[in-house]
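The structure follows.
Labels for the chains are A, B, C and D, by order of writing; each one numbers its residues from 1.
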Amino acid sequence: MTEVAVIGSGQTDHGRKRDDVSQPELVRQAVALALADAAIEPERLDAVVISNMELFEGRALPELWLGEGAYAARKPCLKVATGGTSGTSSCIAGYHQVASGLFDVVLVVGFEKHSEGHTQTGMALTDPFWDRAVAAGALGNFALSISQYMAERGVTQEQAARVAVKARRNAARNPHAHLQMPDITVEEVLASKLLAHPVHLLDMCPQSDGAAAIVLAGGQTARRLCPRPAWIKAAETRHEQPFIGDIDRRLASMRTLREAARSTYAKAGIADPLRDLDVAEIYEPVSYAELAWYEALGFCADGEAGRLIDEGVTEMDGTLPVNPSGGVLSANPVGASGVIRVAEAAKQVLGRAGEHQVAGVETALATGYGVYAWADALVLGATP
Amino acid sequence: MNERISITIEMAQSWGYASGAAMERFSAGLRERRIEALKCSGCGRRYLPPRPFCGNCHLELDDWVAVADEGSLEAWTVVNLPMLDGRTGEMREAPYGMGLIRLDGADTTLNHYLDVADPEHLAIGLRVQAVWRDELRGAMDDILHFRVLTEGP
Amino acid sequence: MIRHESINIPFNYAAGQAGSAVLLALRDEGRILAARCTACDRVSAPARAFCPACGSGHVEYVEVGPGGELLAWTERPGKGMFGLVKLDGASSAVLHRLLCSPEEAVVGRRFEARFATERRGHILDIEGFIPEQGE
Amino acid sequence: MNQSSPFEVVVAGLGQTGPSPADGRSIAEMVLPAVQAALADADLGYDDIDAVVTASVDLFDGLTASNIAITEVVGAVMKPETRIAGDGLAAALHAACQIRAGAYEVVLVVAHAKPSMADFQDLSQWALDPIFLQPLGLDFLACAGLQASARAAADPEAPERWAETAARRLNAADGQKKPATAADVLDSPLVAAPLRAGMCAPLADGAVAVLLRAGGPGPRLAGLGHDLDVHLPGDRDPAAWPGLTRALARALKSAGLAASDRAFDLAEPSCLYAHEEELFIGATGLEPKTEISPGGGLFGGAVPVAAGLARLLAAAQRLRADPACRRALVQGSWGPAGQGQVVAIIKAGP
């Protein structure tokens, strides 16, 4: 297997409505920044992977229209779509393409323009014979699973609000983040509109327009072009049964993320994730999910997630900072969100995270979450 | 160039979805207020919705079992946000109660509306029962919603 | 058992920098804008933000047409006639509606844009292309 | 690119459902027998599958994250599944990358579509630029008609040749029916002038499953190449498929073959329209000795999304059955007027 590293990344400013640019123009902004960050010309790209959920914008095969924005014209181009994991799965697809030796330099770009469609409605286009008539999109589905998770683990609304506050305070040091609310408090989260019991507005991710890109390169090229490449040490995907009701105690069990993490850690030589990881960028569309993922990712034992946030373990100055970028809770252009996780994890290793840089990052985790319980995990590091 | 142009295009597409044999039988049952699940001979799981194949055991399913139209509330929420219903193009008004319901005789849960939209009256473990539409059409919305039978477990 | 279901959702697509420039020029001035690439000199109509030939994002807007040569045409029964017209001043063709009979659609013939009288900033501000007068 | 080690994986198992004009089964029911057949063909079970690559398009299926409909029947529960929203041959090529990367040993590739669910041409408008193209009322078929028109303008005899090609492919696809003639095709109605109904491969429902393996007996997927051309048909040479030329060059290079090598015994192109066979030959520079679509190609039923993978299946079957057939060229294509191109080179096993 050829060694593979992230040698650059770029993101647009994410926002509620980026109607200043078309879809191809939005993609081009992120791609141009990624190429500049990697210090390469577009001619250097051997292939492009594009991530997006087509029905959110009512499109089919969107790469046809916006491939030129991604410098994919006259190049090999693959389009990946797996719900929320689209971005991380696209990064893993690019990783496999480079690792295979077929391509040396691959661009992965994800985008979403939620403002151009109706995302919750798009998400609710589920099985027409089973639950399409009652499908409630990500919000309703999460709220249901959260009620189970709270009852089983004893997690409180205050603890979830603390996750929401941590995310937005971190986002204040990330100029690309959609939500900028540096002074947010737990009280404000709890006082924000109750969208679906027990989920308040500020517990939930925003719907963002935005794009993000990374540049992947094979070992020799990465060493030549980049002083400190962010090596992909391991990556795994797990998918789950198709209906929300198939998955017993969804947030508490999350066997997909547990297994993807276990497998990735084993390959990357991580015995104790809390100790061996220096930073994590995880896909938390709602505050409560971050708590559940702490347990699934082995940051703590089951039932201990509330304590972790209470004790500040995952704050910027804690043992394992989680989502220095502000996470999905601060920007969620779905097709890009997984790419952002990988880009942010890579930036921490590359030492290019600016104001939200964690000192001395050697090993970083990025995760993806999609549909009801699809999961991706990638470990990046300063050594291959 | 300061003025921003955008182009509105209305999607109004129609698809003919095939139910598959399992859902066809299930839907026919609904017309008679009958709910049936398919049981896996490997893991014993009784699946709703019934499906041709168990993804855990990789076995085809053909063992039908009867399921009650009542069960226990495994998860609940009250949604306060209206949503555009993509099937009709109409808004679905809020608030509405939703639950994951484990019907007696099934091992998976069913997501559906609850007639209660007051968090004070909802709790995990409540007994709930389907409220059926008068004119049954053999579709999941033959069940209007679930009503709470007990005040608590 | 087959059940028919519809999906009814309105979508609203940003025309973006180049698209807005094109549609505003159509609406306000009845002019067709193309993008001339400052890197490779290709003139692409309608204008877009990056050159389709070399990918460069360095383009300037130039006026092309409204007349040009028909390169190809087709008729889709029930949907109308469509053609590729290489506008004067452009390096490549535009795809648009043809407002003529199949007999009048002859490859190589000159066509010109027919602008709508009421224009709204839309690609159909050009109603379609018609055989050039005097042809 | 590592040229000393040819890019090679084994095509170990083949299965397909259809193509049929309208499959009344659900998508899961339609896909399941294809997967079972591929597993049986490779003498493998579900537990042997390390990873799955699926190909489907949400809008074609009328479902969000449309691979949800098949997660269980393709054995992707608790497995790594990558879902490509594009042609199934591109999915196969990605699976080959996963194997060559050393990530997995056995990868199942599955592609499906049911165009009978909806008006496919009407759906295709949503794949076209929504600012400059979609509002014109265009569809994929109109784009194909423009391409055919550009060729016919330079060569007025072309439609008669296409009619002969179409009749030949139709007859090869179904020898049971009353043989079609070029005259029949020329009598059929114009659907996108100069294309007539008889010149278009009939759309069909179906699923294709292919098991790829790191080693073992069987034909080899030896080279692969993709290409995405620019979008607006007016920006492209309307009478050619330059993207296919580029994809083939990449496939030859990855197979460790000379750029000029055209030693193919068989070609299985994804030609939806009779004129595309000329585009295919022109773009690939294929020599007359290469047999093209002996089973009728897509004229036996063109399943969107699965078409390219079905061509791979047909080529692999032929390589297994006919010792004289040593090397095949397989093509997949998607988008308006062949904007997307994907090519695989398949070699007979040792």
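What we mean here is this: a contact is a pair of C-beta atoms (placed from the backbone, for glycine too) under 8 Å apart; a residue touches a chain by one contact, two chains touch by 3 or more.
Source: prediction; values computed, not measured.
Graph distance from chain B to chain C, where chains that touch are one step apart, equals 1.
Chain centres here are C-alpha means, and the one lying farthest from chain C is B.
If you tally contacting C-beta pairs for each pair of chains, A-D comes out on top. Separation between the centroids of chain A and chain D, computed from CA atoms only, is 33 Å. Each chain gets a centre from the mean of its Cα atoms; for chain B and chain D, those two points are 37 Å apart.
Distance between chain A and chain B, defined via averaged C-alpha coordinates, is recorded as 29 Å. Within chain B, residues 4, 6-7, 9, 11, 13-19, 23, 27, 55-56, 84, 86-87, 139 each touch two or more of the remaining chains.
Touching of two or more other chains is recorded for residues 19-20, 22, 58, 68, 73, 116, 118, 121-122, 124-125, 127-129, 132, 241-242 of chain A.
Across the assembly, chain C contributes 2-3, 5, 7, 9-17, 19, 23, 52, 122 as residues in contact with two or more other chains.
Chain contacts here are complete: no pair of chains fails to touch. Every residue of chain B that touches chain D in the complex is listed here, in rising order: 7, 9, 11, 13-21, 23, 51-56, 58, 60. Across the complex, chain B meets chain A through its residues 4, 6, 9, 11, 17, 19, 23, 26-27, 47-49, 55-56, 74-81, 83-87, 98-100, 108-113, 119, 124, 139-141. On the side of chain C, the complex with chain D involves touching residues 2, 5, 7, 11, 13, 15-16, 19, 22-23, 44-46, 52-53, 71-77, 79-80, 82-84, 86, 92-97, 102, 107-108, 122-124.
Those residues of chain B lying in contact with chain C across their complex are 1, 3-19, 23-24, 27, 84, 86-89, 139. The part of chain D that touches chain A in the complex is made up of residues 1-2, 5, 7, 51, 57-60, 62-65, 67-69, 71-72, 76-86, 90, 94, 96-103, 123-124, 126-131, 224-231, 243, 246-247, 250, 254, 334-336, 339-340.
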